[in-house]
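Below are the structure tokens for one structure; questions will follow.
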Amino acid sequence: MTYILIIIGAIFVNNIVLSKFLGICPFLGVSKKISTAVGMTGAVTFVMTIATIVTWLLQKYVLLKFDIEYLQTITFILVIAALVQMVEIVLKKVSPPLYQALGIFLPLITTNCAVLGVAILAATSKDFGLMESTVFAIANAIGFGLALIIFSGIREQLEFSDVPEYMKGAPLALIVAGILALAFMGFAALA
Amino acid sequence: MSKLVISQSPHLHTKPDVKKLMYAVIIALLPSLALSLFFYGVGALVVTAVAVVAAVVFEWLIVKFILKKEPTIWDGSAIITGLLLAFNVPSNLPIWIIIVGALVAIGVGKLSFGGLGQNPFNPALVGRVFLLISFPVQMTSWPTPLVNRGVYIDAITGATPLGVMKEGLKNGEAMSSIMQNIPSHLQMFYGQMGGSLGEISALLLILGGIYLLFKKVISWHIPGSIFITVILISGIFWLMNPEANADPLFHLLTGGIMLGAIYMATDYSTSPMSNSGKIVFGVGIGVLTMVIRLWGAYPEGVSFAILIMNAFVPIINKGFKPKLFGAKK
Amino acid sequence: MSKLKILSKGFIKENPVFVMLLGMCPALGTTTSAENGIGMGLATLFVLVMSNIVVSLVKNFIPDKVRIPSYIVIIATFVTIVDLVLHAYVPDLYKALGLFIPLIVVNCVVLGRAEAFASKNNVLDSAIDGLGMGIGFTFALTLLGAVREIIGSGRVFGVNLHLYQSDGMLVFILAPGAFIALGFIIAIVNKLSKKPAQ
Amino acid sequence: MASKMKSTLLTMSLTLLLITGIASALLAYVYTLTKDPITQAENQKKEQALSLVLPKFDNSPLEDTVKIASGVDTLICYIGKNNNEIVGIAVESFTDEGFSGRFSVMVGFLPDGTIYNTMILEHKETPGLGDKMENEKSMSISGSDTTWWSKQFIGKKPEFNTSESDGKKYAEPINIKVSKDGGEIDAITAATISSRAYCNAVNRACATYFKIGELKGKSGGKAHYVLILFLALGLFIFIFKKLNK
Amino acid sequence: MNIILLSVIVLGAIGLLGGVILFFIAQKFKVYEDPKIDEVEGILPAANCGGCGFPGCRNFAESCVKAEDLGTLFCPVGGNETMAKVASILGKTVEAKDPQIAVIRCNGTPEYRQRTTDYDGATTCAMESALYSGHTDCQYGCLGHGDCVDVCKFDAIYIDEKTLLPIVSPENCTACGACVDACPKDIIELRPKGKKDRRIFVSCVNHDRGGTAKKSCQVACTGCKSCVNVCKFDAITIDNFLAYINPVACKLCRACVTACPTNAIWELNFPPRKVKTDEPKKEVPKKEEKNEVKAEEKTIDLKEIAKDSDKKEE
Amino acid sequence: MLKTFPKGGVHPPENKLSADKKIITLGIPEQVVIPLQQHLGAPNKVLVDKKAKIKVGQRIVEAGGFVSANVHSSVSGTVLKVDEMLDTSGYKKLAVVIKVEGDEWEPTIDTTPDIKHEITLSAEEIVKKASEMGIVGLGGATFPTHVKLSIPKGQTCEFLIINGVECEPYLTSDHRLMLEHGEELLIGTKIFMKALNVTKAFIGIENNKPDAIEHLTNLASKIDADIEIVPLKVQYPQGGEKQLIKAITGREVPSGGLPIHVGVVVQNVGTTYAIYEAVQKNKPLIDRIVTLTGKSVKNPGNFKVRIGTPISMLIEEAGGLPEDTGKIINGGPMMGKAIKDTEIPVTKGTSGILIMTQAESKRGKIMPCIRCTKCVNVCPQGLEPYLLMSVAEKQMWEQAEKEHNMDCIECGSCSFICPSDRPLLDYIRFGKQNVGAMIRARNTK
């Protein structure tokens, strides 16, 4: 598998949010402003990449070695939780503005299924070595970011429009996501 | 003397209102519609009529009974949505599917967002792509022009030139042999080929486009940049290997490029505000269309390309502003 | 709060999917049919109840800083149990739910309830809360699954309703339909739940 | 101290240790309980497939396998026997040319090389489109009813055009192709991609199957030997399992 | 058994490792934050209304913790109770402040104040007043588009349909002052709630000379000094043809209310007077010419409406 | 190709109904109301008391600072009162009310009709004169002219541009002035050139006034100064000074900058005539030319009016207030201000009075923005009006500032063109006020 295919596949064809349904909570929650969306993308990229690398190593050198693959879920999530908390602590110190902007959503990365989902997908894929997994993780993070940023742009614009009362917020966000998913189906079979 | 009115300047306003702009678009589309009626017969008539009526009726019902606002059907935008939806489907599409398409276009694509001008995605295309993915069989069987004009659903069908090409290339055929199964460029130019009922005649669509340009309803930026991008990309591939790639003119004349570029990418609500933004938007549509045509699963990608670029419009609007007078360099 | 209230609030008023917008991923990803919806709902319900019980049991012994990791381990344990059991005894459902079973771990509903309710209430209330939320979640998933299945293929729970002559509206089985269907369901829930207040 | 533990290094690590310890112990216990049912469940589908694509057999082909390399791929072949006589060989084949993702098919051959039957093991094609080639509903795998699609393959005998085989990964039979490509198989409407992919997987199986034939021809005795060995092994395992229960 | 042991060891090791690493990172990247900030923030009403003059409750909490003394800091929403709690956390003292409430100082209903032009523009007070003095001849009066209503976070103010003037509901108003800032005509004032919620104030801000004022609005304060003359407590001053009642000096004797010839002075929450019991609190403008009788009749309903709304306030 | 500014602009129907009506000198009213503040800048001090007797041209209000302007009495008579009177701002402001008695002028003023060609005053004296005589810009902004003539240190003026564009529909006062007082105008131009120490001046005139272009070109050729008449394309807002400078010199006044930053000073033709009168005839700014027009007006025309004359008198002169009047506008239809009452006085800034019928005064129904980009395309300042409006509606002032709403010149092209009849400029103004206040608060901090 070439890296290009992994990248195109993860970003466009099987976009993690729009076609795999992972990470919907932050997608709906942190997408009201472009600036926070960008911050969130950064945080997710960071956590997702490191988490995938660590869990891949864990899977290969511990779980598979001792034949205790069934502990996958629990070890992976532990690793991710610890990572997120680390990022949170470090960010609070290093960049307080970013910390404030991401606010409650940093801990939410723990409960962002995208991170765990990608880690599991990468670790269980037969064709992925460490390098492929890393690329896969980054590409998925970019796919997540792309969806999130496009989406936040649309939501910022919708702020100015006269949306029907009951459609405000989540319903409309979901419909926009639906139409986006519809549009992204055009990429079918590209990779 | 009654009470004086006090309001802010300016105290003058232009005549052309929203309605006039919309009706100009409808007028520009009429020649193409007439040609479709000639080529496809009753099918085109039924499909267009159903789409337009359904779009207008849904708009009226939803605005009146669900949104509880003043009905807005006479501004003409729903008519355009219906018309363009019809233009984007084969002329043998069953009535109930068209009605579903109109409901999705108006209900999901437009009124969910608050109606005229608020929708980020082109309603007609939302309806069209929704149908394409829901009913791939019905949406991809194209009646052959000039045959069986009296028949609606059971018209004889064939493939579009793009479909023939994609199929042929997949089987490793050479371009020159594929071209024998495809109408000549001249036929494609005036519109005798398989396809959605309104997209076939480049000639009439361009004429309508010139009318709109002349009336200042649209500007050249979006269609122009789409055409140039498509020509450039297809040209490069064609020059590299003319046996495995179609020529630029073929790409320009087939499929929905003309309809999409002139009438759908230019939709006000869903395109960027600045001229530079419009050009970026057009280039994006051109590139995505060609990517899907060359490598994707679908033979044609204009609809998807426009929808995807619609999604980028708010970001384009942020990044590409008109040049500020006296901007500091 | 009466036990009944704790139990019933998750159904509509604080429905995790429709109102609190939590656990959207499984809600969208596993509801290609009503059956799958129920399956996912029940799996989550089990995890919710069990983890709520355990969290409220051990809440006092856990230092604050490792609260979240500890809760996650507890939840992950139950998720893995569900995973193993489904794999062993209901392999078809296991296949259909796929990745989303391990992802129950990160379902915001589960951790959310552990954090917001179980870590502050007694065991019985926590169990009831988990049950209520779980039922609400299951209800939401089943409803969404049923809607998608009916519109998408004209069937529900494997019964052909003969809505369509041939195929249904494929979109609803696919990703875009999931989003759109859930969007409209939430809009309707909004409308219904806000009416009496006015 | 009354309600909450203080966060010190000691309490923190101790709590985590304790919780993970208990959790893992519990899990390991559940795992041991479910281990066998899981393998059984895993094999169930293959067993079903084998009984569909092979004529009646009395051995356990799951334990009676050979791995055959054909071109770049190595496929597993399951050997079905009745009264110790080979009644058919099932090849577990796959393709990556489906609409989305990998797509694996079990193809059963009679000893004379005609296809006995085919069955999909796993696919990710679009529900409602690509999955029509499977039985009406993807979930219920009841071996009996076969769709018109897979019926098309029954009794086909792959015909090779030997001159064309070079340059490809494996030799492609010329008749097992969708009619659009000049073969004898009618594609499913609007799912030509999936139909092609299916044919592709079957083709790969054919190529592999005929490799077995070649092997046989070259060193038949040894192969026989191997087969007997496998048989013995299978029997051994079978008895062992029975006893264990 | 083996697998159980193995699992315990592996997972335990991961857990332990994670815990230790986290602990050290937490130590290394520690950010000191006064825990009192969180404590104070917890007490505050979390309305984030800005009534205290800070962008949000947390900022206010920070300043409270930093401040030497709490003299200048006050959360109008939480009131004295909250400030007392804040003070006790911080070990500081606060003085109790008189609870305040917003009052509307315009009395000009459409009947008293004719519309003289048609305003055709955005229906916000700020935009109308930026364009011109307003659609009546009183350039000080309420424009009635409800900018004050829009900014109130507590649903404490609404526009009465008949009088087209805003009304404050005392049970909701927190005296955050948002409406005071929002009103382009400076009509709204924060005044002490008064004993038993009783308040007397001049419901007009018209600075025009008496005649001009009266011409533009029948119930305008003309600066005639009648009230000053009857007030025994020197609570009323007149500046620029407009009377102002100092709420501290005012002893709520109500003498001025009856003395005002244009009924510009309002009393709220008083029991009905003995003499003119059921009559509304003020007479209709007395010095009207005969042909204005119709207006008087209308006036009476209006008074009742005004009274009703007073009741609503209670 | 005629010169014009590069981007945006509209072309509303010109309706120059009074273009060939000669300037008529209007009689003196019985009472005048002279507002204290008739300029942009610091507030003034009154110099006269109630009952004071005054002459025409007597200074009655003193400038309250450097950026401020004196006001002189336009009539002779007795001061009735100094009181708050409604003026064109729509608010009551302090004004001197004078009862007219006779027409007795200050003796220093040269009231003869002769044209005085020789410029005897030095540059400094000219500036001082402009300040003394209360000259302010008559092109609309009423900015004190002496301030504009005092070039700050470190900056030099290279060109003078006289603004004879008069791009507002209906208005013709500048047009008539150029035709009837061309000679004085050129002398005024020379005075400005002397004061600013420049050798090159342009007079920009829109191409819809070919008679004025021809007339002035003729006169200029006979004069010993480098004054070039530049015909310009008819395009609103050609008269906006930034647009005019760009059209004539190709220079772009930087965002937030002044014309002098590109070495240009712009003066209106009315101001130029006023400076001629001030410098050569010692006459303060006490009257001006006002166009009274409107489709329903019986005799639209151009009138020379004393400052302080009630508008009602002008209206009477033009045939009375039409029955179906819906709106009275002080100024042109694009930038003018609707007024509340016909008793409002003519001030230095009144270039025209436009009377609109009820049908014309109604604004269209506001529809949602259809994002047609017309407003963006017509904005001469390169702004995005639709966005500025939305941002102002949501009161997002920081973002409004970021979107450069302070660069809006309030030309109204956007509101004019909008097919959805959106009140774009209303909201942009609102935004400018708030952002302006925000900036001021920030600067004083």
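Order as written gives the chain letters A, B, C, D, E and F; numbering starts at 1 within each chain.
Everything below uses one rule, namely that a residue touches a chain if its C-beta (ideal position, glycine included) is under 8 Å from a C-beta of that chain, and two chains touch if they have at least 3 such contacts.
Since the structure is predicted, the reported quantities are computational estimates derived from the model, not experimental observations.
Visitor: Using the contact definition stated above, find the chains touching both chain C and chain E.
Guide: Joint contacts, listed by label: A, B, D.
Visitor: Give me the step distance from chain E to chain F, shortest route via touching chains only.
Guide: Counted as steps through touching chains, the separation is 1.
Visitor: Could you pull out the chain whose C-alpha mean position is farthest off from that of chain A?
Guide: Result for the farthest chain: F.
Visitor: Among the chains, which is located farthest from chain C on the basis of C-alpha centroids?
Guide: The chain farthest from chain C, judged by C-alpha centres, is F.
Visitor: Does B-E or A-D have the larger number of C-beta pairs in contact?
Guide: By number of C-beta pairs in contact, B-E is the larger.
Visitor: Can you give the whole-Å distance between the Cα centres of chain D and chain E?
Guide: Those two chain centres are 77 Å apart.
Visitor: Express in whole angstrom the distance between the two chain centres, defined as the mean CA positions of chain A and chain B.
Guide: Using C-alpha averages as centres, the distance is 33 Å.
Visitor: Using mean C-alpha positions as chain centres, tell me how far chain B is from chain D in Å, no decimals.
Guide: So the centroids are 46 Å from each other.
Visitor: Using the average of all C-alpha atoms in each chain as its centre, how far is it in Å between chain C and chain F?
Guide: 69
Visitor: Name the residues of chain D that each touch 2 or more other chains.
Guide: 12, 15-16, 19-20, 23-24, 27-28, 31, 99, 129, 193
Visitor: So which stretches of chain B touch two or more other chains?
Guide: 4-8, 108, 112, 114-115, 117-118, 130, 133, 136-137, 297, in rising order.
Visitor: Please set out, as single numbers or ranges, the residues of chain A touching at least two other chains.
Guide: If we look for residues of chain A contacting two or more partner chains, we find 68, 70-71, 74, 78, 81-82, 85, 161-162, 167, 171-172, 175, 178-179, 182, 185, 188-189.
Visitor: Using the touch rule from the top of the page, what pairs of chains touch, sorted by label?
Guide: After working through each pair, the chains in contact turn out to be A-B, A-C, A-D, A-E, A-F, B-C, B-D, B-E, B-F, C-D, C-E, D-E, E-F.
Visitor: Within their complex, state which residues of chain F touch chain A.
Guide: Touch residues, chain F against chain A: 368, 390, 393-394.
Visitor: Considering only the defined contacts, which chain B positions touch chain C in the complex?
Guide: Contacts found on chain B: 100, 108, 112, 130, 133-137.
Visitor: Mind pulling up the chain E residues that touch chain A in the complex?
Guide: 3, 6-7, 10-11, 14-15, 18, 21-22, 25-26, 29-31
Visitor: Residue numbers of chain F touching chain E in their complex, please.
Guide: 83-84, 86, 89-92, 338, 340, 361-363, 423, 426-427, 429-430, 433
Visitor: With touch defined as at the start, can you tell me which chain C residues reach chain A in the complex?
Guide: Chain C residues touching chain A: 21-26, 28-29, 68-69, 72-73, 76-77, 79-80, 83-84, 99, 102-103, 105-108, 111-112, 171, 174-180, 182-184, 186-188, 190-191, 194.
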